[in-house]
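So, here come the structures, one by one.
Two complexes, one shared chain (subunit A), two partners (subunit B, subunit C).
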Partner chain A sequence: MSAGALDGVSPGAAAGGRERRAPATGARLRQELHLLRREGLAPWALVALTLLLVAAALNGRALLGVQARTAAALEDEAAQTTRALAEQAGRGVATAVSPGVVGYSVLGEPAVLPASPLGALAIGQGDLLPAWYPVTARGPHHFLARSEPENPLRLSIGNFDAAFVIVWLLPLVVIALSFNVVSAERERGVLAVAVAAGASPVGFILGKVAARALVVFGSLWIALLAAALAAGVPLGSAAGLLPLLLWLAGATLYGAFWFALALFVNARPRASDQNASLLAGAWLLLVILLPALTNLAATTVFAAPSRVALTTELREASEAADRAAAASRDKYFFDHPEMQGGDMDRTAYFQSVAQSELSISEAMAPLLAQFDVQARRQQGLVEVLQFLSPGTMTWQSLTALAGSDGARLREFRAQVLAFHARWSGFFRDPLMRGATLTPADYAALPQFAFQEPPLGRTLARALPALAMLLALTLLLGGIALRRLRRFPVA
Partner chain B sequence: MLETRKLSKSYGEVAALRELDLRVNPGEIYCLLGANGAGKTTTINLLLGFIEPTSGSAQVAGIDVATDPNGARSRLAYIPETVMLYGALSGLENLKYFSGLSGQALSDEELHGCLARAGLAAAAHDRPLKGYSKGMRQKVGVAIAIAKRAGALLLDEPTSGLDPKASNEFSELILALARDGAAILMATHDLFRAKETGTRIGIMREGVLRAQYDAASISHTALEQAYLEHMGD
Partner chain C sequence: MNAAAAPAVAPSPAAGAGAARRVAIVARKELRGALRDGRVLAGACVLLLLGMVALASAGARYANVSRERAVAQALIQEQWTQQGEKNPHSAAHYGIYAFRPALPLSFFDPGVLSYEGVSIWLEAHKRNFAAGRPADDMTALARFGELSLGFVFQALVPLGLLLMAYAAFSSERESGTLRQLLASGVTPAQLFVGKFLGLGGAALLLLAPLLLLCLGVLVVASGTTWLPAALALLVAYAGYGALVLLLALTVSARASTSQAALLVLLAFWAVITFVVPRIAADLGRVLQPTPTLGDFQRGVDADLATGLGRESPAAQVEKRREQLLKLYKVEREQDLPINFQGIVFGIQDEVSNAVYDKHFGILERAVDAQVDVFEAATVLSPRMALAMISQELAGTSLQHQRHFERGAEAFRRRLMDILNRDIAMNSRSGQADYRAGPDLWRNTGEYRFEPEPLRASLARSAAPLTVLVLWLAVLVGASIATTRRLRVLAT
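Up next is the complex of A and B:
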């Protein structure tokens, strides 16, 4: 130790120290970022988060790719069949000019839901509710039967997509980086030294939180942009860019909520292991249990009709239609005794089929409508109960913005049903008139094109949850800061 | 420089400090002796503004700690019993970090100078702190105080756990700081160190300053005898 440790310090300086000012925000952040890098945890957590997000986006893209290829193959097949039938109709081939044969036996139109710009980032219910229906002139129960009218919220497991990584794993990264953001400083005595050195307790802690937030959100934004590119999101168009920006905002808000919660937990003088337990418990409650309970409540309170009842109803309706068709055939042979022992006329047969389909559809309509009613009620309940869990709120918002929540899929189903009415009418009307199809009719076949719901409707589903998330974050952060002002430093 | 007037702190029915009147002038080292729970650390925490007094006042360089804790803290430095700091950072980086907290932007040369003045070997400046001995960490703590150019130092059992050589080095260090005009208040259990280092010595028990002595005019034996008498009341 050399003498004169305070050499050159004037009495004034000795009494008051050299001129000081509050450390610049940028300098503080650089200090904390340097510390985070040296402590080693942050880089690993962030590399893992980035890799997971990109892998999840690629997985989502692969899943959508399978759907797209399937739909393209179906559309191609339908187009080829249509061209062949039109050509045959031009030559007067009997089966090609018969609206009954074509509409009820040969030709169908795959009604395909186009992938939304952010679809690969959040599969949502995209793998639960069909993205295409094989529409024919037969009753809607034929193609609706391939769908599973599931509950509107599938939160228990979820797909491995970017939304999954954000809702389930992002909180764990935030917790890993900030569960002891105050407690560790207190336990190792740094907080006291820092405050004695001149830092305000709140400013010191906020500097640490800000550095962690900067690292997490910086990585999140870069990773999400990489994920969006990997998922094929069209960043050059407003349809892709705007939802993506809102997605970034939603993910950031969700991360901010977890930082605020970590700060809130740390604002009481507890040991680090207690803080870790509390935050792990909060994650379990808010990300796993409450969404599962929301799911359970929705499906219990507004249970979908029994699948057994649906099958029984379908069977009974089919039998009733068969009986009616048999009676119709008896009447036909009574009216045309010369045809006894032979086949029915093709037109008459398909008129009978069309009538049967109508009868079955009418019988099935109330039950199928009940599924829709219950699904809407479930969705309504979920939209209320989502506010219990930031995880549910975020998931709902992200899937709404990605167009993979139940609302867009139900809109698709409704448009398909409307299209089916036009398609079946296109064949039934000439069938009932006894008319035939011409090549011009084939050129005038109804085409399905999904009409995207207005953006405002999507925002109306996504923004309230994000606003609530913001309010919760501000509330928790505000309480935490108020407590930290009185936090026992020593 | 450091002054308390009728300073008291109670936790419910328990009085941790009772009407402490104390003054530590520039260039003076005041050693507070006493058993655990005597009120030494409470006194330091009150001077740091870490806790609020129940009654009375504490001042640093004439600044009331309760009214302006940040202003008061800007005039002093604090070295706890165990200076942990950040193990992942080197001594130099820790010094840069903590001097940065007080708004100082010192050059690396100045920081190395502070560490050298605190007695830390140059070879250790850039090594991670987790490899430091306790004595080396204490030196980084002193370097933080030097960098801050604080007019007052609060030391809470700084030599606890140090080997005799490190304790002696530390004593020399704070003597040098006192010679340069710092007012130093040191809580300690070490009677020998208090006698060798201190200008004045106070003995506390149950939150009360029982006796004060001029270090130069009391022998080791007399100090020990007085201490035992006060502890045995």
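Up next is the complex of A and C:
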């Protein structure tokens, strides 16, 4: 190794020479872009990213489309049933005025989670956890466990959405373009020639990185904008535009992190193929292994209660309620000996149903709440452990901004449970009083409307991760540049 | 053009023993080189560590789940037999639960288990979906993929093989040793086979502790019942490993530089391991969406109202009543020696069974069409073929879940038949206060899960197995073609 370590340009000289070097930097950038174009990498990056992101966005939109159509059909159906019942109640039809019959066997309200503006860009848990619950006056255990029939093979593989393309594939594009950004020049002797011709090694390398970053980020922004259009993101509204801008920022920071990492790896005198192996290893660790290990840690430390035990508990509670109902039936017949041998009257029957449902719900509520408690703890741990991996951080932020993370879906479930309490009370109270329903009652039926959690809470989940990405990028980039200043050029 | 074709050495009978010796020398050198390489050893240590983490977590989960489900199944059976005196139809509505027991090899490859319900409520008139998907209670990060032994061997070990082998030819060419080697009388084919055996042997040696540990855990946990399936798994994974190694050596022999070889191999690995599966799985859904729960329920309700046959359920009941009245030569239902309500329940169940068969069939066909798309994509990604074989042999595939669901449904139908018959035979029409007791509950039998025999799994693996063999065949052909025209000098 003939050439020793090369001192970088001293800060004073750099400041003084800025004016004179500025056009040279611009020319170098243009030249680098020209070289990239000749290698065919730039157009390739643009086309690949755009195609993948748009395809992913269309895929996400197709999934949300099915959910939206389903929700609309359900709401339509419920509205029709309500209108018909109200009309029958006006005519005094016995089943339509009975709060027991209507609440406990005829009418339900589909509580629907509206798609969020960026929902199609990150499906997250959206194809796993329900986007609607059929709420009736019966206990929540009837609807909480429901799920759409799905292909489990597909679920186990994961979604092809824009978040996947960014978190998993964008780093590969960055790595492919920059794994040898310094080492190749050194191997070909170009760096030594450039330095001999008066270029600063750091400036020369930064020029190469800048050209690549320009290509990748330019492609990324165009592709993401195309994907947002394909996904039907409402760009005209703040609710659509602000998260999208944060998405762009997050994706850019994430890409910048990978550039910084590539530069960091290049800042040691290693062969290009070793750099490529190291970066592939880093990708595997940060994008695949650490997220999987984080999930494993969260679900092991805060294991969810057993669904199997829940099943047997539910059965115990149902049996206890049935026994109580049988006892109340006996009491009823004791009080009404004239009814012995016949059916109980409708009101008494549904009163006993309502009582059973209430006691089962009360027995199950603490058990069901335990699932939520553990889910929150898991989420809390993930929010700490995410800082281990830029892949996890970015994915968490992107899904949070898209409104398809577990937090929004759990918020939805909590609101549905609160709504269920109002809905079932609406029927149980008149039922227990022995009152009947009137058309006015139908007009006053509780309506479910999801209250979006305040934007601040979403930002509070997304921004720390983005800040951390920025800090990591600056740290790695800074170390790399310091090392490059004292770097052998040949 | 300074790339020269390798001298074609005509194989002569006398050279046979010498050829084997030369292959052995090359293999030994590669084996030693790999085992002395600090990076290879470090990589192997990381793999072993990850494998142990996966083994420990999956082993603990398996032990936990199998105990819990066995206890729950026993508890449910006890609740059933001790439900006290009831009308059998009340008992039918009370129903029973079927729990899917954990199969031992699920510790190796959990397959789709996290995304399938573990229990089915078997009740009157209705076929329910399996409920309680474990993934519903995991963090969203589970969608990144679970860290399982299957994943370690499907994704990480192949990466290790690529990194071990990408420079096998190209670096020898770059440093000029390739020319010396060939000049010493080794043919390109002997060199290729030697490198294949040496590197493959090194990988096997390094992974042996983990493999033996897995086999040991399996035997301790479940005896030798699952050993044949485990050996079949081993063969499939070894085949995949050979495929990856062949590919890496072939690319290394053809690439202009080590760097180019590495880039091509890494890109291929990332695409077939992570990208193609997701695109194929979602493409299936786009082409053939699964019906929503709403569609399913509406279809079932509509068909239950009218029945599927030419006769409506009500007409069938009426016809049977006429037949019975004629048979017993009585005028009124109350005079029959049986309870006609039991017969009515039976007819209702026949109708609903046919309706549920139809609609579960629609659902299953939609999922099958999606799986077909996925299976077609295995042509592009041998890793997907391996994943499908692995799930089948481990007993954790979609089809194994269907086997559980169908078994549970068959049990439900038998149970309902017994209860309906009891009403019909042991009470009289209009006798609403008929009660059966523990004798009947004990005679309804117990739900037991029977795992499918290995040959069923093997039969279903035929297509992905064929794909894997085809990939192997193509790569063997490609490697032969490559060694025939091996470039000796770097450009």
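We adopt the following convention: the second predicted complex is superposed on the first by the 453 of 490 C-alpha atoms of A that agree within 3 Å, B and C clash if a C-alpha of one lies under 4 Å from a C-alpha of the other, contacts with A are read in each partner's own complex, and residues count from 1 in each chain.
Everything that follows uses one rule, which is that a residue touches a chain if its C-beta (ideal position, glycine included) is under 8 Å from a C-beta of that chain, and two chains touch if they have at least 3 such contacts.
Everything quoted here is computed from the prediction, not taken from an experiment.
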| item | value |
| --- | --- |
| Partner chain(s) touched by A:Ala414 [first = subunit B, second = subunit C, both, neither] | neither |
| First (subunit B), second (subunit C), both or neither touched by A:Glu39 | first |
| Which of subunit B and subunit C A:Val195 touches, first, second, both or neither | first |
| Touched partner set for A:Ala72, first subunit B, second subunit C, both or neither | neither |
| Contacts of A:Arg28 with subunit B and subunit C, given as first, second, both or neither | first |
| Which superposed partner A:Leu51 touches (first subunit B, second subunit C, both, neither) | neither |
| Chain touching more of subunit A, residue-wise (subunit B, subunit C) | C |
| Where subunit A meets both subunit C and subunit B, residue numbers | none |
| Sites on subunit A touched by subunit B in the complex | 1-7, 9, 11, 13-18, 20-23, 27-28, 31, 34-35, 38-40, 188-190, 192-200, 204, 488-490 |
| Residue ranges of subunit B touching subunit A (in the complex, touch as defined) | 1, 26, 41, 45, 48, 50-51, 61, 70, 73-80, 82-86, 88-89, 93, 96-105, 116-119, 141-142, 144, 146, 148-151, 154, 169, 172-173, 176-177, 179-182 |
| Subunit C contact footprint on subunit A (complex, rising order) | 55, 59, 62-63, 66, 70, 73-74, 124-125, 128-129, 145-160, 164, 168-169, 172, 176, 180, 272-273, 276-277, 280, 284, 288-289, 291-296, 298-300, 304, 306-312, 315-316, 319, 371, 374-375, 378-379, 382, 392, 395-396, 399, 405-406 |
| Residue ranges of subunit C touching subunit A (in the complex, touch as defined) | 50, 53, 57, 68-69, 72, 75-76, 79, 83, 94, 97, 99, 111-112, 114-116, 118-119, 129, 131-147, 151, 155-156, 159, 163, 166-167, 258-259, 262-263, 266-267, 270, 274-275, 277-279, 281-282, 284-286, 289-294, 296, 363, 366-367, 370-371, 374, 397-398, 401 |
